[in-house]
Amino acid sequence: MKKIIALEIISGWDRNTIASKIAKDLPHGSYVNLGIGMPELVSQYIEGGREIVYHSENGLLGMGPPPQENEIDLDLINAGKKPVTILPGGSFCHHADSFSMIRGGHIDYCVLGAMEVSIKGDLANWSTGTGIPAVGGAMDLVAGSKHVFVMTQHLTKEGEPKLVKQCSLPLTGASVVSRIYSDYATLDITDKGFKVLELNENITLDYLQMVTDGNVYQ
Amino acid sequence: MKINKIMNEMSDLLSDVFDGATIMIGGFGEAGSPIELLHGLIDNGAKNLTIIANNAGNGRVGLGALIGQNQVKKVICSFARSAKGITFPELYAKGKIELEVVPQGTLAERIRAAGAGIPGFYTATGVGTPLAEGKEEKLFNGKKYILENALHADFAFVKADVADRYGNLTYNKTARNFNPIMCMAAKQSIVQVRNIIDPKDTDPEQVVTPGIFVNRIIKIENPIIESKAIAEGAVYP
Amino acid sequence: MKKIIALEIISGWDRNTIASKIAKDLPHGSYVNLGIGMPELVSQYIEGGREIVYHSENGLLGMGPPPQENEIDLDLINAGKKPVTILPGGSFCHHADSFSMIRGGHIDYCVLGAMEVSIKGDLANWSTGTGIPAVGGAMDLVAGSKHVFVMTQHLTKEGEPKLVKQCSLPLTGASVVSRIYSDYATLDITDKGFKVLELNENITLDYLQMVTDGNVYQ
Amino acid sequence: MKINKIMNEMSDLLSDVFDGATIMIGGFGEAGSPIELLHGLIDNGAKNLTIIANNAGNGRVGLGALIGQNQVKKVICSFARSAKGITFPELYAKGKIELEVVPQGTLAERIRAAGAGIPGFYTATGVGTPLAEGKEEKLFNGKKYILENALHADFAFVKADVADRYGNLTYNKTARNFNPIMCMAAKQSIVQVRNIIDPKDTDPEQVVTPGIFVNRIIKIENPIIESKAIAEGAVYP
């Protein structure tokens, strides 16, 4: 069971640093869906001349950055309903075709936020169990994308672990997450637990284990 | 006598919409949302409607207004939360409106299935989640999938960009979204467009929705822009 | 069981006359798929200013007549792989979308030839049981079209009835035919048998019954 | 470094096609049939292939030639009969090639399903016929349907009209047919096009196959016209 473990929260990487770590792991030429919010930062950190094609589930492939104020077109929005642009070589399609890209395994990577990730790769990120239930495209993205990356704070605001033995919140998908990028560490989901690929310089492995509900190893 | 699906009066366009009808509403957010048709439906007054859409309306225009008029019994959608949603949350909190949550891709595919004559299909989306509860499961190559059924409607309310008299439609950018598949899935597809062209000027390579999926068209040259209307405090009726 | 009944075959309507009868029954504004061969004649007999939209299952809606010799485009063909034209307001689509029109119940009428039609509306028109089996789009058309019209000679070349109690050949679809236009009569499939809507002037009801394997009534 | 799916050498394009591969071949009749890619495949020499296509080839060019080279173990198609078919009928009569007959719409939908991540779907097509034998049945609203499975492939060989370096494709008239859905369904989609344009000139509203579904492109400016080649007695190789 989850419990409050960290009374004082050590600060790890900021969200831009996490985004840049994810950006480094996206190969040239890959098709990527970035979730609304924090994951959107990733596109700013693609370096080394790599070209990535961004997909937005509302029927847009080849999404570009937000428009200038005077270029806003309310018919050109992303899945978060914010104005965006389309790059040369982009295309529009209808919703069934757009989700065929996701569900048919054509999206190489999706990057999503998380409320909880279990040691088996289960993801909970759509419902706190209260309020109006609203799922959007999250369940499709995790079920269909070739690789599901989670970008998250390691702990909740209350200091509870988000990486857990078993999710307590309603699942978005079971055994879907391949890698977690938190402010404390980058971790792969493996049969033996959360495998640390990189550890924040302020964090010891012991501390990481303490604030993680489930086996952590290097 | 030529095929001509263009009509001039909103009241004629919607005259057969009945109490208890199931209506698909195109659009994703405000892009492609048929606000004038929805206002026509408020004037029409049909009640106990089941609405199939991605969202549940913003402010007190379009779908938000229709819900606010208590004409809607149930909403089937993927995302009923919205920063500018007023009417749905109010009624939902009071238990006065039903909600069926469907993952967005499953929603799209169920609509497309209805249009394509497929009564059911299997999908990995939702497996192992609360939204799979009560659904039939089946293994394909050792992996678990759930059965989803086609989602039909009596009417589709759709916004397109350009039409000809046969009902051939093109859309503007991401305002395409659910509109083409809803035209396929409904018994009667009712479309508002900004512009009508001669069929001779329709490029057969560029048609997104072929006329076979469209029943009635009305020209609304300057449709209401939802976000602006809401910012200005617009309320319909 | 079928047997040779008619040693001397009385001549009924010619194929153009049959085609014109079918053409009369297609309402203005309907979407129609005409099978390869004899049914193609139907389009020549649409009168009264009615406009019909023709569908060809290889992704063509709004099919027009054959082109002039100098207008032939080998990328613009019909389901029989013959050059055709496209009319203003027509459109192209891919095969899954084209068959969505058929299977989704959007084609109002299809007109097909038959080897056998049973009293229950079963149709056999794709296989004699020998040679290379080849079905094309026939099974989709009969399963999906709102109305399936059969255009056929009443008897085989050997004088055997094509309208039968039970098909002996492999079925294309079960209980799918709504109406039969033969050279002898126009007949509806009903619970009570083949209901004669129109009888050729050379044919008596008794004769029609004799050359039909299954109850015929007016 | 820019995304660039265009390749110049047919041998590079097809270098990883392996013995026993399943290959989808676009085209309906000769329209949209990738004859040069098929001839490349003859040069490549891969054997024991399973071919998924609508037809089984004409004469001794394109698919007809590939079959004539005894490279094909099995054909999955809707219509293997053709006035100009030579090689398939010959081998079929000798029992040297397998045939799976699939109704044309079911074939298209099974291919689309593979591309859309749907492992199986129900259809009315074929119910009560020999082609339904051995298939699972299910009732929806009291009507019987059969279960059909997705049809995947290792490669799709496709002919389009115009491409850009991202792999965005448009087609010419009814040469579109099976090509777009085959691009979706195969692990590797290999495309021959008549023309290549700069992505800046690609209209995002008109793309039929988005680049995400395409892996490799080769320009064949003046492709062989099958019916003319056959009339002239052409034989490949």
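Labels for the chains are A, B, C and D, by order of writing; each one numbers its residues from 1.
The rule is short, and it goes like this: a contact is a pair of C-beta atoms (placed from the backbone, for glycine too) under 8 Å apart; a residue touches a chain by one contact, two chains touch by 3 or more.
A quick note: this is a predicted structure, and the numbers were derived from the prediction, not measured.
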Any chain in contact with chain A as well as chain B: D
Pair sharing more residue contacts (C-beta pairs) when A-D is set against C-D: C-D
Geometric centre distance via CA averages, chain C-chain A, whole Å: 55
Between chain B and chain C, centroid-to-centroid distance (C-alpha), Å: 36
Distance from chain D to chain C - Cα centre to Cα centre, in angstrom: 29
For chain C, residues that touch 2 or more chains besides their own: 86, 92-93, 96, 99, 102-103, 143-144
Shared-contact residues (touching 2 or more other chains) in chain D: 109, 112, 116-118, 123-124, 171, 173, 204-205
Pairs of chains, among all present, that meet the touch criterion: A-B, A-D, B-C, B-D, C-D
Contact set on chain B toward chain D in their complex: 109, 113, 116-124, 138, 140-141, 143, 145, 149, 170-171, 173, 204-206
Complex contact set, residues of chain A against chain D: 28-29, 31, 48-51, 53, 55, 61-62, 86, 88-93, 96-97, 99-107, 143-144
Touching residues on chain B, where the partner in the complex is chain C: 1-3, 112, 114-118, 164-166, 168, 184, 198-200, 202, 204-205, 207, 210-213
Complex contact set, residues of chain A against chain B: 56-60, 73-78, 81, 86, 92-96, 98-99, 102-103, 122, 127, 131-140, 143-144, 170-175
Chain A-facing residues of chain B, complex: 28-32, 54, 78-81, 88-89, 92, 99, 101-109, 111-112, 123-131, 171-181, 208, 225, 227
